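Please find the structures below.
What follows is chain A paired twice: with chain B in the first complex and chain C in the second.
This part shows the complex of A and B:
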């Protein structure tokens, strides 16, 4: 907190290219990670199961989407469909006797292949048309899932996930499910942080910034975009499987509907396009802020402070959610990540503000 | 055969009613270049406005113009407060802003006015029109005719002085500025006009299926209409509407019983996907889409 740049002189390139250059940042990340690992002992099971666990999983999903939207600049409004493919294929694979670890990977690959096929269809266009094409993909996948009884088990059926173990560890208790989700989120985070430093990540960024300029310097736009769709859909598919096995445990098609896709895009945008910390903050904000504010206003209404009808209260989460999206786009288009960054930069050299570069 | 003709005619009429929703989308996209994904919700708000004026005891011939004035102002306000600040931002921002608006309206309006479906009676009647063996939905019939009239009227409107200005703005913002056309006002007016088109759509759809939040789901077929017809083409709205409506009625009419329902969304999605793959600018759209 106090003058954290003190004593850090990056005298060689290696030190300057670390993921977390400042020791204080490294300690902060370690502390947060340790707290996250210890969360089952610190937080009551109710909060862990209904707030922290979905937060972690949705953050992983938002990270997979931000790889596509933030890093490669390709809009995707059907990401919930990709997650649905991952979730359903993992359940069916486990039911067919495939070990859970391999089923996770396979479901990711299935989601990636289908996602990349749709991506290839959509890649001839960009901007608004890409939005529309991925939207159509969402509806198509929804329909296939609902109407093929072999996948969903009937139109209004819920599919229970079978009991599984991961690396000889039984994941039926809440804590073990949480740790599995956390491990996946940590893995995806490390992947995302490092992919920025590879040639693949750099070509993604080049494509985002200007695709024909990238083509001129030798990055094949079609191949790179396809790879972006493939990678992001793989991560999204595994996140969907994790979501099904660790959180929902009984899957219905409505859990992966069009509104969920919008919610994911909202998480990415509210958090800040292409930012890791933004994905975590955005997922938490989009998931929890409407619940929190609605509870607050419901409490106020119950005590007679604000006169609101029951009907309005039931619509309040939607209102808050929509207002939140509009508010962020108008007033902080770079999202929560930018707010975090501003605060961090302010305190980086505090109280020696004149030292700020 | 009669079954096929019935599906065909009712599908065509429903498609024309879709094109009422799509017309608002096209009006805004044409002048401002903004894809208004909140148009479905605007139609819903318009339906609620018509219901509100009717429930205050106003007669139909007065409440629809009153709703038109309200929605014109609503469009102006939305443009001024929200979309004006998005000029020059990437398309993802605009798309997400209109989606945010859609979510907000879908929560706010039913939240305040009640979420139970409201029935509005604009004096059309419910008995089907029977020609030979064919039953035609009376609301759709009126809706189709009104849609054709409205599209014709907007084509004529674009030949007036104000309409010429709007066409200039849709061609090029900067050159319009240079010759003294107020681009902001033109864009505002096109939002207002989209609000007026939404009132017609809201009144007709509201009288056929009741006014509640599901009206905002008209967005999806309207998008298919717009993509197929060309996103900046007003005649395209009619042709796209007819194709989407007919295919969305005839194909489910035969397939629903085999595959188990709701093939209409699939047909709509496939229309969007195929159009984007084969001819992304649509049937009548301008061919200036950047392609790779």
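This part shows the complex of A and C:
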């Protein structure tokens, strides 16, 4: 079997801490990345624009959230608000004449500062109370965006994103928007993996697992949680800006409502808390499964397999989708990432049955 | 009691109350550099409260605690940790989401500067720090013979090994004062003997000062240079291990007076 652990030995600490320690994993990652880069040539524009592009961007957003929810264990039910701050800041900054590259960075910092302020207020509470506090952030930010015309342009207004270029590349064609989004997703992925193997990531996990034991080895719980809120909100803010510029191209407050926050939490949970591959799989599942189910059932109905009323038909995919999420949480609480991991582990030690690590 | 030069930890007339309960009544203790100091007493006598006062979880209402002459009472637990106090817990407090290696690496936290940017620029920034600290961690792993379990997930290894991992995590901080809260709780005789040997090895190799809470008297006499016996939050005896355990007051506190048996 090509995909195995035995025969892979590390002789120094640097090799032992590689991102992908097993050659087969490296090849897999390279292949997937190459396919993703070539996607505009492989996939029809319709599929690229309406499936692959949003999937990539929402995966980046889910990765930003899972840094906070999965790694640091701080529940956040207002992450769409963080993305809204990023999206609106970037549009206004670009309109004010700031170059797009710097506007992206600044919108991330604005989202991070506001997110961390709410985080600091919310950090005196844990668990369900933190959920309530972050919900308050969602509604507060929503209210401000809708009711301050200077931000949203009015209660039902739509803000068009100005034409921009990124590093001298014009961001207007579908392919260029896709590549920018892909670059951001790749950047977050590398960042997340690097966080996982350094002291920053370990201190986040320590705070999540046992905060008193973390304190006794010198981790400042408040500072660490605040850093988690700051970093995660920064990534979320930039993801929001990317979402606005690369996908929506016209922003309204409803695009960042409470239901979007819940959708993000669903992506993180279905994918698997704190997992990189889980964020991609979770975002894909939450975005694409309803579409897939709708198409499937519409196809079955058209061919006379499911003789039901049109009204029932339009709700059936949502019912199945809900059942699938409940099923996941019941039977595989660690999410899609765990299913992937089980399959990988099986091949890793095949033909034997026990993995050493 | 004044802090002499060779006293690492000095507790001076500590009082800690929980509501109406006085858990520590004017307890004074001085731990000398390089010694293993035992803290003994029946359940509820205030041993863990004293340790929690030292490590900052329950700061004392009265009295003064100094580490190497610097006052530490009133500081937050993480500040006391960064000043060189490491501890283990009676119920193992490891991080379940991490491997054995990462748990022990956590012990180096006070020597590392966690920072998202450093993580992002790993090859140029964080890698050097990670590898330097990894070397120290591997020394401790060798000392405590944890190499076979290094890559295991921490909640799949047996309790005796988990306690050893927790000891390794504390040792990695190169502490001035190591506080062990019942390191032998729930262990069988063989595991206890292993643990005693590891503590003695570590103390010899690293020149540690240890404050240890322990119930097993065979362990106490094997390990401790001096002990303090507490009962109901008060000191009832202090001195060299063997003599103090033979003290009639100590026997009474642990087992009871002959007439109580009737």
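Convention: the second predicted complex is superposed on the first by the 336 of 357 C-alpha atoms of A that agree within 3 Å, B and C clash if a C-alpha of one lies under 4 Å from a C-alpha of the other, contacts with A are read in each partner's own complex, and residues count from 1 in each chain.
Here is the rule we go by: a contact is a pair of C-beta atoms (placed from the backbone, for glycine too) under 8 Å apart; a residue touches a chain by one contact, two chains touch by 3 or more.
Just so we're clear, the structure is a prediction, and the values are computed from it rather than from any experiment.
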- Aligned on chain A, chain B and chain C: do they clash or fit? fit
- Message: Per the contact definition in the header, classify A:139: touching chain B only (first), chain C only (second), both, or neither.
- Response: first
- First (chain B), second (chain C), both or neither: which does A:194 touch? second
- Should A:221 be classified as contacting the first partner (chain B), the second (chain C), both, or neither? both
- Query: Hey, in the superposed model, what angle do you get at chain A between chain B and chain C, Cα centres, nearest 10 degrees?
  - Reply: 80
- Between chain B (first) and chain C (second), which does A:38 come into contact with in this model arrangement: first, second, both, or neither? neither
- Item | Touched partner set for A:300, first chain B, second chain C, both or neither | neither
- Message: For A:250, using the defined touch cut-off, is the partner it touches chain B, chain C, both, or neither? Pick first, second, both or neither.
- Response: neither
- Message: A:329 in the overlay: touching chain B, chain C, both, or neither? Say first, second, both or neither.
- Response: first
- Task: Identify which of chain B and chain C touches the larger number of residues of chain A.
- Result: B
- Give one of first, second, both or neither to describe whether A:15 is in contact with chain B, with chain C, with both, or with none. neither
- Query: A:169 contacts which: chain B (first), chain C (second), both, neither?
  - Reply: neither
- Min C-alpha distance, chain B to chain C, superposed, in Å, is 12
- Message: From the superposed pair, tell me which chain A residues show up as contacts to chain B and also as contacts to chain C.
- Response: 221
- Message: So in the complex, the part of chain A that touches chain B is made up of which residues?
- Response: 69, 75, 121-129, 131-133, 135-137, 139-140, 142-143, 146-147, 155, 211, 221-222, 262, 265-266, 269, 273, 311-312, 314-326, 329-330, 333
- Once bound in the complex, which stretches of chain C touch chain A? 55, 57, 76-78, 81-82, 86-87, 89, 93-99, 102, 105-110, 112-116, 118-120, 122, 126-127, 129-131, 133-135, 151-152, 169-170, 173
- Provide the residue numbers of chain B that touch chain A in the complex, in ascending order. 35, 82, 85-86, 89, 91-93, 95-97, 99-108, 110-112, 114-115, 220, 223, 227, 231, 259-263, 265-266, 268-270, 272-273, 276-277, 280, 289-292
- Message: Give the list of chain A residues in touch with chain C in this complex.
- Response: 13-14, 17, 190-191, 194-195, 197-203, 205-206, 208-210, 212-221, 224, 227, 231, 274, 356-357
